[in-house]
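Every chain is named by a letter (A, B, C and D) in the order it is written, and numbering of its residues begins at 1.
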Amino acid sequence: MKKFRVAIAGASGYAGAELVRLAAAHPAYELTAVTSEKSAGQSVASVFPSLTGVVSHTFEALAPHALAERADAVFLALPHTKSQEPVALCRKAGKLVVDLSADYRLKDVAAYEQWYQTPHAYPQLLQEAVYGLPELHRSAIAKAGLVASPGCYPTAAILQLAPLCKQGWLQPDSIVIDAKSGISGAGRSPALPYHFPEAHESLEPYKIGQHRHIPEIEQELGIVGGRTAAITVAFTPHLVPMNRGILCTAYCRLTKDVSLNELRALYRDFYKGERFIRLFEETMPNPRYIKGSNYCDIGIYQDRRAGWVVTVAAVDNLVKGAAGQAIQAMNLMMGLPEDTGLTAPGSYP
Amino acid sequence: MKKFRVAIAGASGYAGAELVRLAAAHPAYELTAVTSEKSAGQSVASVFPSLTGVVSHTFEALAPHALAERADAVFLALPHTKSQEPVALCRKAGKLVVDLSADYRLKDVAAYEQWYQTPHAYPQLLQEAVYGLPELHRSAIAKAGLVASPGCYPTAAILQLAPLCKQGWLQPDSIVIDAKSGISGAGRSPALPYHFPEAHESLEPYKIGQHRHIPEIEQELGIVGGRTAAITVAFTPHLVPMNRGILCTAYCRLTKDVSLNELRALYRDFYKGERFIRLFEETMPNPRYIKGSNYCDIGIYQDRRAGWVVTVAAVDNLVKGAAGQAIQAMNLMMGLPEDTGLTAPGSYP
Amino acid sequence: MKKFRVAIAGASGYAGAELVRLAAAHPAYELTAVTSEKSAGQSVASVFPSLTGVVSHTFEALAPHALAERADAVFLALPHTKSQEPVALCRKAGKLVVDLSADYRLKDVAAYEQWYQTPHAYPQLLQEAVYGLPELHRSAIAKAGLVASPGCYPTAAILQLAPLCKQGWLQPDSIVIDAKSGISGAGRSPALPYHFPEAHESLEPYKIGQHRHIPEIEQELGIVGGRTAAITVAFTPHLVPMNRGILCTAYCRLTKDVSLNELRALYRDFYKGERFIRLFEETMPNPRYIKGSNYCDIGIYQDRRAGWVVTVAAVDNLVKGAAGQAIQAMNLMMGLPEDTGLTAPGSYP
Amino acid sequence: MKKFRVAIAGASGYAGAELVRLAAAHPAYELTAVTSEKSAGQSVASVFPSLTGVVSHTFEALAPHALAERADAVFLALPHTKSQEPVALCRKAGKLVVDLSADYRLKDVAAYEQWYQTPHAYPQLLQEAVYGLPELHRSAIAKAGLVASPGCYPTAAILQLAPLCKQGWLQPDSIVIDAKSGISGAGRSPALPYHFPEAHESLEPYKIGQHRHIPEIEQELGIVGGRTAAITVAFTPHLVPMNRGILCTAYCRLTKDVSLNELRALYRDFYKGERFIRLFEETMPNPRYIKGSNYCDIGIYQDRRAGWVVTVAAVDNLVKGAAGQAIQAMNLMMGLPEDTGLTAPGSYP
C-alpha cells in the first residue's frame, strides 16, 4: 500500500495519544512527526508507556512550516482557538488537514466568536472547511483539503437524530439531549473535578445549556433537515465515572404519528451500508460494546403513552468521537477505503 | 428516650441492610426481629459482615402474626406484590407500618394492577395508606397507621418538580426526566447486567417509558399540582457504574416567563425549614455529597436560549430513596423529632 | 455531656474533612475553629458541599496562639514537617493535642531526620509524645498531653502482626507486607497519577521499600516484641482504584510449629474486649465492610504447604487510619468512653 | 497469506470472546466454528454485541469429531476438567490444538489429580503437551501438536521470576507472590462476590495458599531453574475493582549480593529480542498500559535495606494471560511470525 507521510500535532492529550495508537497500526501511514509543547524533547513512550515498543518518536515543539515539509497529511489535536493559524499554514502548504479542534467547525463566524470568545482570523478558510462526519458529508470530505472533525458529543447527538431531521418528522423545538461522558472526555490535565476520589462514586451535570458543542449540533441538524426550521436543543452533559465512552439519550416529539417499525425502517434505510453505524433493537447501545472501536451504536425507542421518541447513541469519545473519526475522514481524503486502519472491534469487557 | 420495639421484614437486600444499620443507631428503637426467607437461620453479621459487632440478631422467616406480637412498629422491605398481605396483617394487629414496596403507593387500583400485573387484595387499605414523602404529606403521615414509602427515583423526581407543579408554572406535557442510578438500585441478586465486568465501564438506559416508578411520579405531581391537568412524564432510567446514588435531570417548559432568581426564590420558599432538602446554586447536586445521608440536594438551572428549565436532584437511593425516608416517616408516626437517628452527614469522598 | 472546645487545624484535606464530619456528630465536642491556609475565608460547606447544613464554620488561617485560646483540645492534620511548631505551641499552652502528621511518631530523631529529610526542632517533645494506637498504648494515651496518631498503613500493618510479635512466634526477618490503598490515601491535591482516567482500570506499586511508613511499622513491632530482635519489613504499597480503604496482606514465617487454631486463639486473646478490632475467619477482611467506620478487621490464615502465615487487615484509611483513630485517642485523653462519637457502623455497599 | 481454518470451543466466556475478537482480525485465520453449550443456537453478536458486524457466526454445541473436520486448528476455552476428552479427540484427528484450560498444564499426573480433584484420562497425551509460554518453550511449541496455554497468574509470575531462577540467584524457599486481578478473571457467570455493588469499592484476597495456579508456577520455575531445588511459593491472589489486568508483586531473597544494575542487565539479556516483553525501570508496570495487548511488562526493584528483591509484572489477563498467548503459541505451531494478529498496542486510558 502506498504510504502517506503523516504528522500529528498536539499529541500529548488523550485524543492525540489515540491518534498515535491508531496511526501506528495504519497500513498507509508513515508517522513522521509528533508534536507537543508540554512534552517536547521527551519520547512518546516515556509519556505514554502503553506505546513502548510501538513508536520510537520523540515529541517536538510545533513548527507548522517545518512540519508541512515532512508530511503529506497533518492531524491537529490542539486546544480550541490555538488551531486557527497552524491549520491555515498547513493548508497554504497544500497539505491534507484534519483538525480535531472546534476552530473550523462552525460555518457562522459570529457563532464561533460568541461561543469561543475569540475572533476568527481565517473566515474564508472556515467556509472551505468540511464538517467531518462522513455519514453526512462523505463526498464533500473526499474532495476537501481541510476537514473539521466533529466534537465527541455532536457525533453521537447528530447521528442519532439525523434521520428524523432529514425526514421532517421531528418537532424542531422539542429536542432534549441528555448526554453522559466518561472522564477522559475532560482531557488529561489534572484538576479537582477529575481527581479520582472526586470523580469516582460521583455523577454530575455541567455547563447546562452552555456547552460549546451546542451550536455544532444545531448547525448540523439544521443542515440535514434542510433548514426548514431552526433547530434548538436543550443539551446537558454529565460526567460519569468511567474512562471512555459517551452515551446520548435524546428525547423528541414527532410531527406525525409513526410506529416504531416505521421509525426503525427509516433508520435502517438512512444508514444502509454504513460501515460504522450499528442499529440495535433489543440490545441497548452501551459504551461497553464500542471501547476502542470506531462504531456508533444507535437504538430507537418509543414511549407512545407519553408521546415521545427516545433515541440512544453510544460512541467511544476518543475513537468515533475523535481520533477514529479523524482517520475515517482522512481515509476519504486520501482515496483509501474508509475503514483502513479502523477495523479493530471493540475490546470487551 | 422511650424505646419502641421495631421489626424489619425482608432485611437481606440492600435496603433492608440499610434499615438495620440505621435502626441499630436509632436512639428510640429496640430492634426485636429481622426477617429474611433466603437467609433464615443465619446471623445478620454473617450475611452482612459490615454489621459484625453491631447487631447480634439472626434472620428468621417471616411470620406476620408472631412478628406483630414482638413489635410496636414494623418496616417491610419485601419484593413488590409480596407485601400486600403482611402489611394488612400488621395493620390489623394495630402496629405502625412503613412499607417500602410499591404495594400501597398507587391510589388507583387499576393503575397498580396494570403496572404490577397483580390484583390488589386490599383496596380499602390502599386508600388509607399515606404516600410517605414527608415534605409533601407531613401531617397525614403523622396521623397514619400505614405509610407507603416512595420509590428511589420518585423521591428525587417529585421533590425536584413539586414547587413548579404547585405553583402552576409547569407545562404539564413538557416534562422529560432523565434518571441515573448506581447499581445498588438493582438489588442484591446477581445477574449478568450487574456482573462487575458488565456494569463497570458501562452505562445503559433500561425500561424506557416503562419503568414502574412512572405512575408514582405522575400521581404525586398531579396531586401537588391540584390535578388541574394530568401530568405525563417521559422517564428514562440509566444504570451508572457507581454503588450508591441517584441523579435525576429533569427538563420542562414553563407556562410563563420567569427569571432564574424567581425560580430559586420559589424553591427556597417551598422548602423553607425542611431538614433534609438542600438547595444548591453554584455547586451541582452530585451523589458524592449525600452518600449515607438522608439529604435530597436540588439545583435549579435555566436554559433561556432554548427555553427550558432544568432541575437536578441527588439522593442516596438507599437512604432518602429507601431506608432513611422510611425512618423519617416512622419518626413522624411515633411523634419523634423528624430527624431522630438520621443526623449523620454524608461520607465523603 | 460536658463539652470540650475543639479546634481542627489543616482541615481542607480528606482526613481533615473526615475529622470535621466526625467532630460535628461528637456529643462531647463544641467545634470552635477549623483552619486551612488554602481555603481560608471560605465556608467549610462551600469547600465540602457534603457538610452543607452540618457545620456553619468558615476556614481561617492557622494562628496557633489564637487557636489555643479558643480550644481545650486541638487536632492537627497538617502536612508532614509542618506540624512540629504548631504542636509545640499548643502543648505549651496546655492543650490536649492529637497530631495526625508524622512529626511526632518516630522516637528516634535520627530516623525521623533521615526519612523525612528535615531536622526535628523539638526532640524533647518527641520523647513525651505517645504513639496513638489505643490497642497497644491505651494507658499511656490516657495520660498523655500529646498523641502522635499513626499513619494509615501502619495502623493495619501493626495491628495484624502485633500478637505474633508479642508472643515471639514471628521470625523477625521474614516479614513481607503487601499493602493496597484506595486513592483518597494520596490526598486531595490533583496530580496525574490520581487523575481519574489514569487511576481507574489501573493498579500500581509505588515507593517500593522506601515508603515513610516503614520506620513507624518497624518501631512499633519492635516495641511490642520487646525489642529482642530488630524487625525489618519488606513493604510495598499499591494504589487501587477505589476511594476508601486499606488492605494489608502480610506474610511471615514462624519460629515454631503452631496450628491455625492456636494462631486464632492467640489473636482472640490479644484483642479480647477491643471495641474496634473484629477477627474474621470464613469471611475475608475487605474494605467494603468498614467504610466510614473505625473498625480494623483482621483475618489469620496459614499456608502450611509452603510454610507461611498470612494475615490480612482492612481499615478505612480516613477513619481508623486517620480521623477516627485520632478521636479514639482524644476520647481517652478526655476521659470519655473510647467509642464516643465513633459508633456508626460501616456503610455498605 | 495462507489461511488456516480455525475453530474455537467454549467461546461464550470472556477468554472465548477475546479469542473470537482476535481471531476475527487475524490475517491467517478463517474462523469456521464457534461453540458454546450455554449459548448454542444464538448468534455470537447477540451474546457479545461488541462483535456485531464483526463476525456472523452462530454458537453451536461442541461436537469434537465434526469440529475437527471443519478446522485445521482448534482453540479450546472449556472449564477445567472438561477439556481432557475434546483435546484428545482433536489431537487424534491430527489437528493443531491449543488448550486454554488447566487440563494439560501439569506434567505430574498426581499433582493434577490432587489440585483438580479429578483423574486424568490421558496421561500420555499430558506428557506430549507443551506448556505454552513461548518465552520459555519456543522451539518445543513450534514442533508441538498440543499446547497447554498457561493460566493468567502463572504467565505474570513465571515471566517475572524466570531470569532469577535460571541464573540460580533466587533462594528457592523465599518467594512470596502477591497477585491482584481484575474481575474479568473470575469469569462471566454472575455470583455474589462479582456482583457490582460487592466488587466495587472492594478488595479481597481469596484461596490463600490454595489457588490452582500454584503448582503451575512451581513446576515452571523448577524447570527453568534446572530443578536444582524444589521451588515453593507463597501465593495469594486478590480481586481488584477493575475489569482487566493482572499485577503480580513478587518478593524474594537472593543467594548472593547483586546490584540493581546487575539484576536489570540479567533481565535485559534474558529477554533480549522478545517481542512481547517490555522491561520498565522508572515507570512501574501497570495494567493500564497493556489493556487489550499481548505485552507482559516487568520491573525489577531492590530493597537493599531489608534485603529483598521485588519484581512487578503486568499482563492483560484476557490477552497475554489467555487468548493472546494462545494465538502466539498457535502462530509458532503454524509457522507464522510470532506476532501475527497480535500487533495492536494497548488501549489507553
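Simple rule for what comes next: a contact is a pair of C-beta atoms (placed from the backbone, for glycine too) under 8 Å apart; a residue touches a chain by one contact, two chains touch by 3 or more.
Chains and their UniProt names: A, B, C, D = N-acetyl-gamma-glutamyl-phosphate reductase.
On a predicted model such as this, the values are computed, not experimentally measured, just so you know.
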Intersection of contact partners for chain C and chain D: A, B
Remotest chain, chain B as reference, centres from CA atoms: D
Pair sharing more residue contacts (C-beta pairs) when B-C is set against B-D: B-C
Centroid spacing, where centroids are CA-atom means, of chain B and chain C in whole angstrom: 36
Length of the line joining the C-alpha centres of chain B and chain D, rounded to whole Å: 47
Of all residues in chain C, the ones touching two or more other chains: 14, 182, 184, 197, 200-201, 241-244, 286, 288, 291, 349
In the complex, chain C residues that touch chain D: 173, 176, 178, 180, 182, 197-198, 200-206, 208-210, 232-236, 238, 240-245, 247, 249, 251, 284-288, 291, 301-308, 310, 312, 314, 349
Of chain D, residues touching chain A in the complex: 14, 17, 21, 24-25, 46, 48-54, 184, 201, 243-244, 278, 280, 282-283, 286, 288-293, 295, 297, 343-349
Interfacial residue positions of chain A with respect to chain C in the complex: 14, 182-184, 188-192, 194-197, 199-201, 241-243
